[in-house]
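Some structures are shown below for you to check.
Note that subunit A is present in both complexes that follow, paired respectively with subunit B and with subunit C.
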Partner chain A sequence: MIETSMTWSDLMFMLNGAGKTLLITFWAVAGGTTLGIVFGLIRATGSLWISIPLGFILDILRSVPLLIQFILANSFQAIAGLNATPFVVGCTVLGLYTSAYCTEIVRGGVLAVPQTTRRAARSLGLSYTQDLTNIVFPLATRAMLPSWIGLTLGVMKDSALVLWIGIIELLRSSQIIITRIQEPLFVLSVAGLIYFLISFPISRIGAHLERKWREDD
Partner chain B sequence: MIEVENVQKKFGLLEVLKGVSLTVEKGEVVSIIGGSGSGKSTLLMCINGLESIQGGRVLVDGIDVHAKDTNLNKLRQRIGIVFQQWNAFPHLTVLENTMLAPRKVLGKPKEEAKAVAIAQLEHVGLVDKLDVYPSKLSGGQQQRMAIARALAMSPKYMLFDEVTSALDPQLVSEVLDTMRLLADEGMTMICVTHEMGFARDVSDRVAFFHEGVVEEIGPPSQIFGKRSKSPETKKFLANVR
Partner chain C sequence: MFNYTFHWRPAFQALPAMLEGALITIQIAVLSMLIGTVIAIALAVASGSQYRLARFGASVWVETARNTPALFQIYMAYFGLGSIGIFLDSYIALLAGITFNNAGYLAETFRGGLRAIPPIQTRAGRSLGLGAFSTFRLIVLPQLFRIVFYPMTNQIVWAILMTSLGVIVGLNIDLTGVTQELNVRTFRTFEYFAIAAVIYYLITKLVTGSARLAAWKLFKY
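After this line comes the complex of A and B, so read on.
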């Protein structure tokens, strides 16, 4: 047996942190994906006058390190007197960051639907929106799923950076316990295992859907 | 009735249709033949408003296709079109492919749309493939499904754009037979085709397209016979035979 002075309440403390990690990831991915779909459609089909400036802004979000974005956003909202909690700041920044990547995924997915297929849909009398909802989205989803799963898992790991604005998520809670019991290897292994247990089902579901869809077409 | 009046179509600087005029009466089958790049596909797309035009006009049952206030989604319900490239919706089964437009565009209840779709799939000989995904169909079956999908909207007109030219030779006849059946039933059809036998046997009139205009139009006996007046038609037909 492994000798450790880590207690059940320490583990509960870490699981609590894991809950925070999940919650932040959930909001960031939900918001980021919604925005990403809208932005992605604009980037794929909108006029250049909106598409190019939008692409530029999203490029900034993708190229400035996330850590800097967290700290800057947190400082600015304090200066502006917005009184947002670190949790809200964390979700917002991570959500925008997610939307920047999601936009490119959606754009690629939409453009991957052959023009001839869309023309066939329109020739049957389907409207622009009906074509989007019945043909483009289902087909684009198939093309996008692997990258989207990858993005979600990446965002979950990146969410650890919110510890810098004072949120006690999984990694920060592990650090706190390490400082107290001085068993970094054991505690980090437990943290790693928890991260894995969260990620594994997500990637399994993704792989399952992919296999199912491949059997169809 | 479809009336194409002096239609001009440009892609940038490239002038593809240079004043095309053509009238198709109810119940008539008109075949369009002509060299590659002469604008045949483009004309079909202009007829149901999938492409804009730069001059002239197209009237379908007296409705100006390219007028600003024309509801194209509504107009397209009476014009079915089948393309050269197979473009089944790959995420839907054969039945779902065929039901989609009656459900979404005509707003038919599910059972009714299903009945319509099955009837049309029976028409083209695909009732045994209802729950199959398109990727499991041969090219000929995909094209017959595309025909059924268009027919499920009960169109008044059917446009065919070289529907057999991407098929293996042994699959061509099953699709042509389906088209013959439709013609015999009195469907009004415009068929762009490279199948001269089909054009000769089935059409009421044949139009020869050359460099963006209708070079010659007339009954098959005129176009394929000695009476053809255009040297360009003769040259084209001499090459395809």
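After this line comes the complex of A and C, so read on.
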């Protein structure tokens, strides 16, 4: 048996941190997906005058390190005197970051629906909205869901970076315990195991869905 | 609304130092890609091998790299390895962490790529009298390279963005590290980091742009 001076309350502290990680992930993914669907539809079907500038802005979010986005947003909210808590800043930045990736997923999914299918729907008398909700959405979901699951897991992992702006999530809480009991390898292994246990089953489900739906095509 | 005066002049004066940091950033990213690619090819071959231990080792590496945060992997190299008497400085720890991550992601890319090349080609190569290694080098690799080129471009952009995590383990010579040093001296956080963000953006655009150019030159036919 491995000897350690880590106590149950330390583990509870880390699980608390894991809860924080999941909470941030939830808000970021919820907000990011909503924005991503709107932006994705604009990118796929909107006019070039909106689509290209939007694509340019979202590309910036994907080309600048997330850590620097957190730092910039945090100092900007201080400059602007918004008095936002680190948690709000963290969720907002991570949400926008998610939306940048989600937009491309949605755009890909919508464009994957054949134009002829959509024209057929319109010529059968469906309105534009009905075409979107009854034809495009179900077909596009198949193309989008596996990458969306991958995105969610990526956001969960990237949420570790909020420790820089002072949120105590899973990785930061394990760091706090390390400074107390001085057993970095063991404590980090526990943290890694928690991340793995959250991420691995979901990534398997994603891979399974991808395989299953490809067979149906 | 803004009870704050922006001071851009000192930030622009720090530009040479930051550009020097950018070179270190690129250096780490390129090194981690090169070492990562070599390991990834080995992992991809191992995951298709007949030895159970090789398959198991490869899948542990790949799944750990893909299912834990990159920052966790850097922490492991920096703090974790200290427990077993291996003390890495922050540069090496960052490089090790990113390389571990790159290798895991690239291994999956290569595995997919290897599967896309019909095995009959290997058999044809072997029956023409080529050795196992020359078949791999002359027949499989050139086709594999074409398939994995685009995912690899993505990965190097990821590697560049990941180098910014070095500052969390105390690296002060890469772009983010230099910026943070300037920041703690002056507390002009927004100005300095805004310039750093622009430099990162330009680096990633330069990389993707030249990759697109290279692809156009290389894969003409």
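What we mean here is this: the second predicted complex is superposed on the first by the 201 of 217 C-alpha atoms of A that agree within 3 Å, B and C clash if a C-alpha of one lies under 4 Å from a C-alpha of the other, contacts with A are read in each partner's own complex, and residues count from 1 in each chain.
By our rule, a residue touches a chain if its C-beta (ideal position, glycine included) is under 8 Å from a C-beta of that chain, and two chains touch if they have at least 3 such contacts.
Just so it is clear, the structure is predicted and the values come from calculations on it, not from any experiment.
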Next on the checklist: Contact-wise, after the overlay, does A:S5 reach subunit B, subunit C, both or neither (first, second, both, neither)?
Outcome noted: neither
Next on the checklist: Contact-wise, after the overlay, does A:N134 reach subunit B, subunit C, both or neither (first, second, both, neither)?
Outcome noted: first
Item to check | First (subunit B), second (subunit C), both or neither touched by A:S123 | outcome: first
Checklist entry - More residues of subunit A in touch with subunit C or with subunit B? => result C
Next on the checklist: Just checking: does A:R142 make contact with subunit B only, subunit C only, both, or neither of them? Give me first, second, both or neither.
Outcome noted: first
Next on the checklist: Going by the contact rule set out at the top, does A:D158 touch subunit B (first), subunit C (second), both, or neither?
Outcome noted: second
Item to check | subunit C residues within the subunit A interface of the complex | outcome: 1-4, 63-64, 66-72, 75-76, 79-84, 157, 161-165, 167-168, 176, 189-190, 193-194, 196-197, 200-201, 204-205
Checklist outcome for this item: In the complex, subunit A touches subunit B at residues 114, 116-117, 119-127, 130, 134-135, 138-139, 142, 213, 216-217
Next on the checklist: List the residues on subunit B that touch subunit A in their complex, please.
Outcome noted: 48, 50, 73-74, 76-77, 79-81, 83, 85, 87, 89-91, 100-101, 104-105, 133-135, 146, 149-150, 153
Checklist entry - Given the complex with subunit C, which residues does subunit A contribute to the contact? => result 60, 63-69, 71-72, 75-76, 79-81, 153, 157-158, 160-161, 163-164, 171, 175, 178, 183-186, 188-189, 191-192, 195-196, 199-200, 203
